[in-house]
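In order of appearance the chains are A, B and C, and numbering begins at 1 in each one.
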């Protein structure tokens, strides 16, 4: 009896696996049938840029269509919207249900999903965009919102880390080298020396507009889940996690003290919290040493380009990877997409086809870029073309999977290995993959955002006595209901851990 | 009776035709989209459509009242608006009267262009210009104070100066514009009234006091009534951009609009922002109805409707 | 004719008005000076009325974009002219009707108008109305029709003016002569309304000239950008940079080489300049319109 059952199960299992095999081959045909149904579907792809109608737009579109034709009966339509109008336009397009298929999402992905504005590709992605899925698989786990997948994360610097980014000439004057600076204490020594040598110079400037100079001091130490509520990156999950108010931790208080001390010593640029000049322009004006900000493998290239100065960068804080740092920028599929299958087929090209990727990122070969070194896969501007005159160009962090395309000549040759290594060696948040549902605490979040605007920049710039200011900050956060968020995050995180560990 | 009514209707037909284009425009531009007010009471889900989304009751409004700062932002909004109405009206009328009294057409032209300029500069640019005067590091005011050997003032961290600064900037930006309305009204006054008064030996001041000002009454009442309707609204640029979103100033500069903006940046919740608008409109509506009712009792021809 | 007292009075008025005008204009002068200062000086020392280091970089940058800027001027002028003409007409008509003595439906019409001042459906429904049903996205009409064409504020101004400046007796006399309502409006009321036509026309014109919201919402095609939208895009691009600079987005192409501080100011001037140049001519009609009202009766 028992034996019979086992053999019966075996037969069942065998026939199932055979069935599965035939499904796979069937699926290929079925996929083709869906993608090549004879109807040409228009697929509108929208993303932000600084020029809404670059010169090569039409040519890029035509060339992309040639690459799409063998894969699917679809024509792509490209649309770039200027940075400043992008959020408004995307909100309106999603809300009005007008034509839109794929777009670059930079905010509120969960809320948009909950509002029914995004298309869930969880079921279709492995069928219609298998290569893209395979390329991003490591990170896709952080993109499931209540089981729904709305898009694909982007190959870029996903890990978060902060460091000292500064002028090389001044650093040389201090006698320190890049290799000497590893910790915050080292940074202080450098800054102190700079201030001593150049009292007229701003030793540290803010990395962001209207913010404190030490905004990034504790970057990478906490996974900020929502409104300053989060967990320590080194929290051990074996006994569950402890959700805390980040602004009430010793680390934050320590930062406040340092900020106050440095401010008193005159290391900071005055009026940082009301400053509206981007850091690059301040550096360019030749009277500042550096800033404490985002560190990633491309930072030096980027800042050299922006400031025209010799810049060096030293990673300082913990490097960590959280759900949020992966899924805050994605290529998303809009709910109103007419044909999600073909849309996914196009996304698949962006993430896996070198030709398609190069078209998207650099434009037309021979006109907007040329291959400088085919073997190493390096591209650069043709003679006489500059960043100001080029007819096309998108940055890496919005290009899908840039690693299948060429590297740029100003980047290190092994730039993609460096990015992969940067992301892969980061500390994983204990709650990596957990996405918090804010529905229960919307009132608290609005109140807390207001309190943060009131205190955060001032404290992080050391403009207020740290003892009293941090205490007041936390008092107001409590009044705004931060404890409620802590409880809610804790409950959801516990449930998630129980399910996923 | 019936025929009288018919006659009145018949006489009104041309009026209906004249008002039709505007009527239709308001229907398209304002009334049909007003259906969207339901968004404030919905748990929006676009896959179901706006109208078929689940009802959320009043939960989208909660954040406006539960906030610890609810009283502060309401108080700020109302007090600033009251101050704006009073100061702007007085300054605009003064400018209009002076312009109407100046005989040289050339001068009137030049002065009028000058007072209009501020209303043409966008508020973001205004915030940079204000910064040029007020900044601690590079501002003119502090530069002069330092040159005179006095203590400098850190404007962007001292809330006590900001009510005055904001009222001044608002007046600077808006008074010239409103003065045009008053000037048109003054120049519309029958000259014979002034001539008759002159014959009676009235002084300049008397003419202003007893002819011009009373003739401006209806314009002042109309404009004020309209402003009362917007008393829960505030100019976002003025309260957010001009103080440079400086944390230290928030108690003096946070209004309903800036509170909602700061609060919803992270959530991007359409229903909640819509709820704020409905709340602001509703309060304005009630206040205007009240004010209009009072006006009707006192001088019925000045009532809005 | 003009007495000594009158002369002194005029002088006093001129001095007061001069001081007021000075306060109004000083920031404009600062704006102009800032636009010709070197960017580095502004970054380091802030704005000044007499920069140590002059620079025309901002205008050079703008000149590179001249094709787009002149095109944007064209769009703005077209939109302003059409919008002002149509808008003033609609406003006057509605205001005139509301200024008439009792007729059936008058208070409804007044309330219907006034209600729009207080309540609105918000951006999303309005957007859906204009793009999904009226298909105005990326058209000149989208810059003219939404929001600006007629507003309650101007209509009420017109009504108030007509009520107190177009005598009922005049209208009644015309009625006895057998004139139709349309003729009375065109031949009796309109000539008396010149001050308010000038005022309302100016207000509507300025609101079109200064508008960038319609562009932001309804236009994504660079060919239809107005001059204010260009300015606003630029400022908002920088804001975007500031908002997202810390969220792993490394926007480098925004600032790349543009002297931002001064370009911002220069574009503001580019947007302002035409009005300052055109205003004296408009004003001639404006003052004329106003004075025609003054000598009536």
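By our rule, a contact is a pair of C-beta atoms (placed from the backbone, for glycine too) under 8 Å apart; a residue touches a chain by one contact, two chains touch by 3 or more.
Fair warning: this is a prediction, and the values are worked out from it, not measured in the lab.
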Interface with the most contact pairs, given as the two chains involved = B-C
Greatest centre-to-centre gap (Cα means) from chain C is with chain A
Computed distance of Cα centres, chain B from chain A, in Å = 41
Whole-Å gap separating chain B and chain C, where each centre is the average of the chain's CA atoms | 16
By the touch definition above, chain C meets two or more other chains at residues 124, 128, 232, 235
Of all residues in chain B, which are in touch with two or more distinct other chains?
-> 128, 131, 135, 137, 270
Touching two or more other chains - residue numbers and ranges from chain A = 91, 95, 97, 210, 276
Over in the complex, which chain C residues touch chain B? Could you list them?
-> 9-10, 13-14, 16-18, 20-21, 23-25, 27-28, 30-31, 34, 45-47, 90-91, 93-94, 96-97, 100, 103-105, 107, 109-114, 116-122, 124-126, 128-129, 134, 145-147, 149-150, 152-153, 155-157, 160-161, 163-165, 180-182, 185, 195-196, 198-199, 202-203, 206, 209-210, 228, 231-232, 235, 264-265, 268, 271-272, 275-276, 279-280, 283, 287, 290-291, 293-297
What does chain A use to touch chain C in their complex?
-> 49-53, 79, 81-89, 91-92, 95-98, 106, 156-158, 160, 207-211, 215-216, 276-278, 280-282, 284-287, 293-294, 296, 298-299, 302, 305-306, 325, 328-329, 387-388, 393, 395, 397
Partner chain B, residues of chain A touching it in the complex | 91, 94-95, 97, 107-108, 111-112, 114-117, 210, 226-227, 270-271, 273-274, 276, 335, 438, 442-443, 445-447, 449-450, 453-458, 463, 476, 479-480
Enumerate the contact residues on chain B facing chain C in the complex.
-> 5, 8-9, 11-12, 14-16, 18-19, 21-23, 25-26, 28-37, 39, 50, 95, 98-99, 101-105, 107-122, 124-126, 128-129, 131-132, 135, 137-139, 172, 176-177, 180-181, 183-185, 187-192, 204, 215, 218-219, 222, 226, 229-230, 270, 273-274, 277-278, 281, 284-285, 288, 301, 304-305
Residue set of chain B touching chain A in the complex reads 44-48, 62-63, 66-69, 128, 131, 135-137, 156-157, 244-248, 250-251, 254, 259-260, 262-270, 272
